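Quick one: structure below, then a few questions.
By letter and in written order, the chains are A, B and C; residue numbering begins at 1 in each of them.
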Amino acid sequence: MSIDIANEPKMTWTGAKTIVDPQRSIRRGSLYVAETRIKKMLKWWKSIVAFGLGNPTLYLLSIGIGIGSLVDSSLGPNAIDGVNYLTFLAPALLATAGIQGAMDEVTWPTLEGFVWDRTFFSMNATAITGKQIVNGVMMAAMARCVLQVFLYEMCLLAFGAISWQSVPILLLVCSAAGLGFAAIMLAFSASIKDDDDGMFALVGRFIITPMFMFSGTFYPITSMPIYLQWIGWISPQWHATNLGRAMSYGMPIEPWLLILHWALMLAMAIVGFSWAHRVFDRRLSK
Amino acid sequence: MSLINTSVDTAIAIAERRSNRVGASVYSGRSRVVLERGYYALKSSTWMVVASGFVEPVIYLLAFGYGIGQFITGSTDGNGNPITYAQYIAPALLATSAMNGAIYDSTWNVFFKMHFGKIYNGMLSTSMGTLDVALGEISWALLRGLAYAIGFMAVVASMGLVPSLWGLLAIPAAVLIAFGFASVGMGVTSYLKNHQQMQWIQLVMLPMFLFSGTFYPLSIYPQFVQWFIQALPLWQAIELIRGLTLGILNLTMLGHVAYFVAMIIGGLFFTTRRLTALFLR
Amino acid sequence: MPKNAHKDSKERHRAVAAKKTKPEAMIIAKGLTKTYGDFKAVDSIDFTVHRGESFGLLGPNGAGKSTTMKMIAATSQRSGGELTILGKDPNSNGPEIRAHLGVVPQQDNLDRELKVWENLMVYGRYFGLPRKWLKVKIEELLEFAQLTEKRNSKTEELSGGMKRRLTIARGLVNEPEILMLDEPTTGLDPQARHILWDRLFRLKEQGVTLVITTHYMDEAEQLCDRLMVMDKGKIMAEGSPAELIKKYSSKEVLEVRFGSANNAQVAKELKGIGTRLEVLPDRILVYAENGEKCLEQIVKKGLHPVTSLVRRSSLEDVFLRLTGRTLVE
């Protein structure tokens, strides 16, 4: 690179005063954050779609049909809730997809934003606030969640495990579960100290896996000993699963329980958001 | 006191002692030092993360063995004797956790050490060889696998899910299985460049877990699918361990053992070559 | 340190010292080449490094310095030519050669999972050194690196300068005959650099052969007895810093600035002043025996630089002369 003085690049310069509209950044900060995150996600869209379709297919084949055939042959075809095992299982797996999809976008990416790349700090160095980062990250997570649930629903339809009519309402139910859980996980991830990434392994082992396994996912929660049933009561997985079963194949459900399911998922979202807002503001201004 | 040259021959003499042996350029006989490193690293890591490694298979066992198990009758041990569903899946979960532990250690952990920690650059700028590194890392994974296998077996045996005394052999069998998976896993990891590619490993592991006769006998599949699954390492592993815990021994088990011995030898060869190509070319 | 354990080696050392009348060649490269596909990272270079010498590889990023270092460190196989390190071929005697070397890579690759003391212990164990011996050695090294108080710290908690000193201490754990330093002070603040230079100087005084790459001229001038200027995989010049400056530059340099828009225009009018002109985007360099005199001449022409500076010629100027480029871009 020899020095060519004649062709030195010229830089134009108007000034921040003229080109940046502070009011506009304040209004749209969350959207900018969401945009960044979604763009990052899109780089891996092939993986997301492949896993989004691959995972449900595998689980449905193995557990839904494989284990399902054992259950149906042991107890007769419609032993649980008066439907076959696959139909019983489908809403639960769907709820898992919603929770997992949203969670994937708030755990490791948050550690990345605070620790590895420190992108949250550079966002915060512009007009974007901590709360807006939370909202933007959650928007992106929900986009992923909705996509993942939708892909899962397509698989379930192909297997005949849910009906066309229940697609929109199930999407809503599972997204609500994703929203509630992801908001709390976002706040939690942001509270993890710099060098403590073993935390996710512990959360996976002691919270996510038990939640997945003991929330009435694979068998009615009532068939578990009562001292394990509380796991279901506090887990969005069970609330979404139970609602989903009511919506999908008309599992009988008390009206008050119906309302409680929605209310608890919503409450989780509210708690999660306000916690996350606090943690983000504090950590960014440290 | 002088900082140098008081014993300058030591490191060199150690290296030269082996210089005429076969494979001296890849093996210095010091893979145990990698274990020493592992020990120091373990000391300052979160012990709960390490210690709780065998919890996951236990949770699976509770949920599937006892949860779904209530709705499943008529499981047999392969010789036609009735067993509970929990007895049926417990050995499969041990085999799976041996696989998962080995793969986790030899893929994610190795990936981090390779690309972020640059640990191997450090190791290989000394007189260590690539086979030392490969063997050492894999042995570390095995020690961990052994600890988990013992933990899991203790839980499972106390639940009465290991009817045969032969079940004790399931522990060394789990280590053998882990060795096979770790050797191959480390070699495969050396090809991967980013996190997303690492996820693809999961795409191989998950179907293996779900379809290798873990939860139900292969007989529900068409014949050609059965052949395919029988060629996969996890099916081999599950059959081996299930035979031991249920006390049904036969000669095909030697075949399973041979399968893993082949995996170990092939994997080590492949991994050593890859490490040499990556760090010493 | 246990005395009797090392008696034998001390005697040997004395024997080596007695023989040291004529310089012993530690590293000999002839036609050394490294290609990556079609790209020639190192293109047939020849050089020799002698015992006790401090040898510098100087050049901009991508000149082939690090590749050359890796080949010497026996962690990269050459594509062509000959390379002999302490009489051995790194392609076939890798582990033995590496036992003689201390390596300080460009980016610290300390073990982040280990504490300071553990880093030194484990690294020493990689060489197969006994723990008991290492325990004593590590105390010396910690003191040398001024890290005794940090022995139980995680490496993350160290400053950049401390990390680099620890990496150097780690490279010394096997008491190497050759210490290889790749860009030892890049990214460090001035104070940390000076501490480091001081440490390296002490090693040199103790007779350790140093091989250093750098793109900092002041560093090369401070630390190196002999330099090899590299660019695009080739050797541009070789010699001591003073020799190179004498051969490729003038005694003094006058730097004048006329504003980045005007430099090119003004340069035409400056022709004939000094022995040579070098026009950079932000300034004009006038090479001369007497810089002040040149400045007078310029002012006499009715030209008034925004700033002016007379300084001694440096390796930076040598490099500019040899390649037409500045070093740090």
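Everything below uses one rule, namely that a contact is a pair of C-beta atoms (placed from the backbone, for glycine too) under 8 Å apart; a residue touches a chain by one contact, two chains touch by 3 or more.
Please read these numbers as outputs of a predicted model, since none were measured by experiment.
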**Item:** Most heavily contacting chain pair (counted by C-beta pairs in contact)
**Value:** B-C
**Asked** Relative to the centroid of every protein C-alpha atom displayed, which chain's own C-alpha centroid is closest?
**Response** B
**Request:** Determine, using the mean of C-alpha atoms as each chain's centre, which chain is farthest from subunit C.
**Result:** A
**Whole-Å gap separating subunit A and subunit B, where each centre is the average of the chain's CA atoms** = 31
**Complete:** Here the gap between subunit A and subunit C, centre to centre from mean Cα coordinates and rounded to Å, is 51
**Asked** How many angstrom lie between the CA centroids of subunit B and subunit C, rounded to a whole number?
**Response** 44
**Message:** Touching at least two other chains at once: which residues of subunit A meet that condition?
**Reply:** none
**Prompt:** Can you list the subunit C residues in contact with two or more other chains?
**Reply:** 154
**Asked** Out of subunit B, which residues touch more than one other chain, so two or more?
**Response** 45
**Complete:** In the complex, the residues of subunit A that touch subunit B are 44, 47, 50-51, 54-55, 58-59, 61-63, 66-67, 69-71, 73-75, 79-80, 196, 198-199, 201-202, 205-206, 209-210, 213-214, 217-219, 223-224
**Item:** Touching residues on subunit B, where the partner in the complex is subunit A
**Value:** 45-46, 48-49, 52, 55-56, 59-60, 62-64, 67-68, 70-74, 196, 199-200, 203, 206-207, 210-211, 215-216, 220
**Complete:** subunit B partner, complex, touching residues on subunit C are 1, 5-6, 8-10, 12-13, 73-77, 92-96, 98-101, 103, 105, 107, 109-115, 118, 121-123, 125-129, 133, 140-141, 144, 154, 172, 174-177, 202-203, 206-208
**Fill in**
Note: in the complex, subunit B contacts subunit C through residues 1-12, 14-16, 18-19, 24-25, 28, 30, 33, 36-37, 40-41, 44-45, 117-119, 121-129, 279-281
